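Each of the next two complexes has chain A plus one other chain: chain B in the first, chain C in the second.
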Partner chain A sequence: MAPRVVVLSLASDFGCQVQLSNMTDEILDVLGLIDLSYWQLASSGHMPDAYDVAIVEGAVTTDEHVALLESVRATAGVVIAIGACANTGGIPGLANLLDLDERYGVVYGDGDGPRVAAGRRAPMPLDSVIAVDYHVPGCPIDPPEFLRVLSRVLLGLKNRVPDLTMCASCKINETVCFFDRGELCLGLVTRAGCGARCPSLNRPCTGCRGIAPDANLVAARAISIASGRPEGALDDALRIYNTAKEVRG
Partner chain B sequence: MFFRVIPKREIPDLVRGLAHEFEVVGPVAKGESFVFAPLTDPSELRLDYDTTLLPAKQWFFPASETLMRFRVADNAVVDDSVDVTPRVLFGLHPCDVNSLLLMDNVFLGDDPDPYYKARRDNTLIVGLSCMPTDTCFCDAWGTDETHWGFDIFLSEIGDDYYASIRSVKGAEVVDRYVTGREVTEEDTAAFQARTASFKAAFASDIDTSQLPVLLDAKYDSGIWAELGDLCLSCGACSMVCPTCHCFDVHDELEADQTHGTRVRTWDSCMFRDFAEVAHGNFREVRAARVRYRYYHKQWGYLSRFERVLCVGCGRCTRACKAHIDPPRVVRALQTGVVDR
Partner chain C sequence: MARLTVEHVARIEGHGNITVNVESGEVREVRMDVVEPARFFESMVVGRRYDEAPLITSRICGICSPNHVVTSIKAIEAALGVEVSERTVMLRKLLVYGSYLQNHATHLYILAAPDYVGLPSVFPLAETMPEVVERALRLKKLGNDLTTAVGGRQVHPVSAVVGGFTSEPPREVLASYRDLLLGVVEDAMATVELFASFQVPDFQTSGEMLALTADDDYAIYDGDTKALDAGWRRPASEYRSFLDETVVGHSNAKHSTVGGRPLLVGSVARANINAHMLNETGRAALAKSGVTLVTRNPFHMNVLQAVELADASARCAGYVEKLLEMGGSSAPEPVAVRAGVGGSATEAPRGTLYHSYEIGADGVVLHGDVITPTAQNLANIEADMRAFAPTVADRDEPEFAVLIEELVRSYDPCLSCSVH
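Our next item is the complex of A and B:
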């Protein structure tokens, strides 16, 4: 029997779900292998009660999200976190740098903020709340990588996310190093697996895939400083996608 | 070996001629740097290049290659053909010609690698003289000259090239596509003078005395921990190295899951999972990985093939943001101190 799959979103811009719909060459093949029971972006129905695989994008930002995730975890055999928000807290995670009560006041008006945003939480990645079985990082996800992970899920193979940093991919692409052009690039410490796509398109890495477990942050900070950046420049640049992870540990 | 003098102005004719029979790959500009790439016109060829971002190994041992395609239902191999585009690598410096000979020891030994061999057998090598840059240290290993491993070697003498022709195929294409002329005693004298000025131009003073002994005697030296603290474990050194040849093999299924491909990709001993096996990781810390790289290159390979596994091309010197390279590591071994 084909696995029953649900796709849902927490705090995010749905960009990763859009990426799934962008897999025009493969989506029919994929749909032939699964029973797509619910797709938040494309379905008007409700989440079913029973399913086997949950694909979740977005950061955890409310108590409701926590309750939903706990129910998802209790129901699904496999949980796949897709995108930067779900994997590192992503851009929503930047809110960890702020005084949330004050910010809600700014957005919703004095006095009303805390009431309107009842149940709010500092944005966090999925695995701060539930165990996650498979990870597809990136902002947005890379469809070929998603397909590789899905293939592993269908085969019952364990999660395999590269632990190394981006630089080797750039060398393979023969991309001229941004440090050699006097620019900071977060590929030095960011998890590989996207093929160093942004640098190959002439944009330095912004760290959307999260800090690689094998990254040497101490050495990277020293290199950033030696290349003429102010102290703290590397960590500041990392914040855009990695604040929640940083706060968490 | 025999010799011809080929005027520089005839090089475009040679390239155009070769292009009738081969894909011609040579150094072309990429930003401020250079890469080896297929030429669409001889004018793209930059024989004044210093070095390339990636070495020539990618034309024999690509960063990622499909070894075979298989059918999942019955595990049958449905395609294991090898890409064997007849190709000329035009303009390899002596370090890079030598690097291929070192790679041959690995891939063409008792049990040749069919993928590498098919490409090697179908590739003509045209070597080219160079002048050392400030990152070159081929003189330390004697890889600043090459007498094997090329079909034609072009040494620049003024407006001409002094061409050493090593193979029948090399002779055939020279006969077919360039006029050239016989070599005179003056030409050989010019070749010798050129060689002398090349040798005199090296800035490096790497002291390789007793290197294998030092590697063993200083196995537990604190220099390795210091270098490990600097290392980013990014593997850039291995990717750009013309002699690093480690690879990983894995299977990927196609979207419909009915067929898959077995893929070979470049790997690096700088990566933590390189040494991960069933019971754990036998080079868990960065220091152990940096040390292993140098042990393998300067001692392990040497003990097997009587050459070190480095040609002094300096690509790692340029690529490593942590400035860990053979000159610095060898200095650290000699002095016991890692330069800052």
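Our next item is the complex of A and C:
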């Protein structure tokens, strides 16, 4: 029997779900292999009581999200976290840098604000609440990588996330290092797997895939300073995608 | 009596609930609760370097990220006094149109069409009407490929930065898009015919309509804001002087009004205001659409998006032609950091998008402000539901529900955008 799959989103821009819908060459084949039971973005219908695989996008930012994730974990055999928000807290995680009430005031002013915004929490990745079985990092996800992970899920193979840093990809691509031109690039410490898309388009890595497990941050800071960047520049740039992880420790 | 509560309305971007309650012809309650959680983007850009702001605000929306990137970049360039090359402008137009092709194809076929054929999603049509699904995927794919060729990725473009582009597609790749774009004109026309064949309610919105307008183009990338009813035309950068935002209790997105009235932005407003700028293909598509302008029917958003698809395919082929002829460079212009304030707008697929920033002398953002198209539409969506619901309250429950949801979906709402 084809696994029953649900696609869910927490606080996000829906960009990773858009990437799922963007797999125009593969989507019909994928749909032939799974039983797509719930996908609010693409289909009417209610969230079923039973399902096998949950694909979750977005950061945890409300008490409702926590309750939803707990029920997802209790129901699904497999949870796949897709995108930076779900994996590192991503850009919503930047909100951890200021007091939440203060941020609320910047957006909604001094009045009461919306009632529906109650129960808000500091933005965090999924694994702050539940165990996650498979990870597809990136902002947004790369469809080929998602398909590789989905294949592993369908075949029952273990989660496997590349743990090299982006520098390895740039070497393969023969991309000239940004540090040689005095530009800061987060590829030095960021998890590989996207083929170093941004550096190959002449833009330094912004760290959307999260910090690689073996990243040498001490050496990276020294390289950043040696290339003429001010002290703290590397850590400050890393905060765009990694604040929630940094705050959680 | 007709009652409707829909939680997490399907086939729209983001999370929203609809409540409609009509008793003996009288509307007791109408609400569009936007429960999508706030991510507080305006506070997140504060304290970041000016060149990081477009990267961050792009993540407001995964569907129209090219618009957020380009609008943000233009606002920052206005604040810092950066002039960009004609080549950069042309490439940015292609980038924004790439997101139009992708978005309109997605909205029309995947989100809206199932309502009109009585299906929960478009996927079952792959069996019964494969040619329709294949056409949808072709259009969507071309939009994605165009965005990827110009911006480096379908969602959240990489190469568009303050001052220009970090890289450009090779000439032969760019050239290939001329024929690819002309190749989908037929698909776009078939889309117009398909949506013209769907019966839509005869309903008139009472809201004002706003869209960008320009003297030399169907305004997407730049222009002044024009009000259809009031007749005024004002610099888009001054949007805070004509758009008022109010915090409402049941929505994490603020509601907008213009001169105290709800307003509609998107394809209906654009077509009403800018039909004279449609190209030949667009005019032919409009003739096929069965819509006579000026229209005040929000259900016409769908077929007019299809008209824009036709116009855009031919228009973008022309942009490619110009880029191949014009030469010049899109390499980022040098930026002299200074203190400044700048605002800008583009037309996103679902309506006008405004960004503005205040930047300090050290290049750090002091203040950011974003008003998205769906935030502008929300008050009008509720006003429309209020006026429309009693006219269809005698229908049986499933039909009532579909009609109300159709109305909401016509606006192509993006709730993540609206809250941001």
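Operating definition for what follows: the second predicted complex is superposed on the first by the 244 of 249 C-alpha atoms of A that agree within 3 Å, B and C clash if a C-alpha of one lies under 4 Å from a C-alpha of the other, contacts with A are read in each partner's own complex, and residues count from 1 in each chain.
Everything below uses one rule, namely that a contact is a pair of C-beta atoms (placed from the backbone, for glycine too) under 8 Å apart; a residue touches a chain by one contact, two chains touch by 3 or more.
Fair warning: this is a prediction, and the values are worked out from it, not measured in the lab.
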With the two structures overlaid on chain A, would chain B and chain C clash, or do they fit side by side? fit
Once the shared chain is lined up, is A:D112 touching chain B (first), chain C (second), both, or neither of them? second
Contacts of A:Q17 with chain B and chain C, given as first, second, both or neither: second
Per the contact definition in the header, classify A:E26: touching chain B only (first), chain C only (second), both, or neither. first
Going by the contact rule set out at the top, does A:N96 touch chain B (first), chain C (second), both, or neither? neither
Touch check for A:E174: first (chain B), second (chain C), both, or neither? first
Would you mind checking which one, chain B or chain C, touches more residues on chain A? C
A:T190 in the overlay: touching chain B, chain C, both, or neither? Say first, second, both or neither. neither
Thinking of the overlay built on chain A, is A:N87 touched by chain B (first), by chain C (second), by both, or by neither? neither
Angle at the Cα centre of chain A, taken between the Cα centres of chain B and chain C once the superposition is applied, in steps of 10 degrees: 110
Three-chain overlay, closest Cα atoms of chain B and chain C, distance in Å: 12
By the touch definition above, which chain A residues appear in both interfaces, chain B in one complex and chain C in the other? 25
In the complex, chain A touches chain B at residues 25-26, 29-30, 32-33, 147-148, 151, 154-155, 163-168, 170-172, 174, 176-177, 179, 188-189, 213-216, 218-220, 222-223
Going by the contact rule at the top, pick out the chain B residues touching chain A in the complex. 30-33, 35, 53-54, 63-64, 229-236, 238-240, 252-257, 266, 268, 271-273, 286, 319, 321-322
Contact residues on chain C for chain A in the complex? 8, 10-15, 33-40, 42-44, 46-48, 52, 55-56, 59-63, 65, 102, 106, 110-111, 114, 120-123, 126, 133, 137-138, 140-141, 144, 152-156, 158-159, 161, 166-167, 247-252, 254, 416-417
Interfacial residue positions of chain A with respect to chain C in the complex: 9-19, 21-22, 24-25, 27-28, 31, 36, 39-45, 59, 61-62, 65, 90-92, 94-95, 97-98, 102-104, 106-109, 111-117, 120, 123, 139-140, 197-198, 201-203, 206, 240
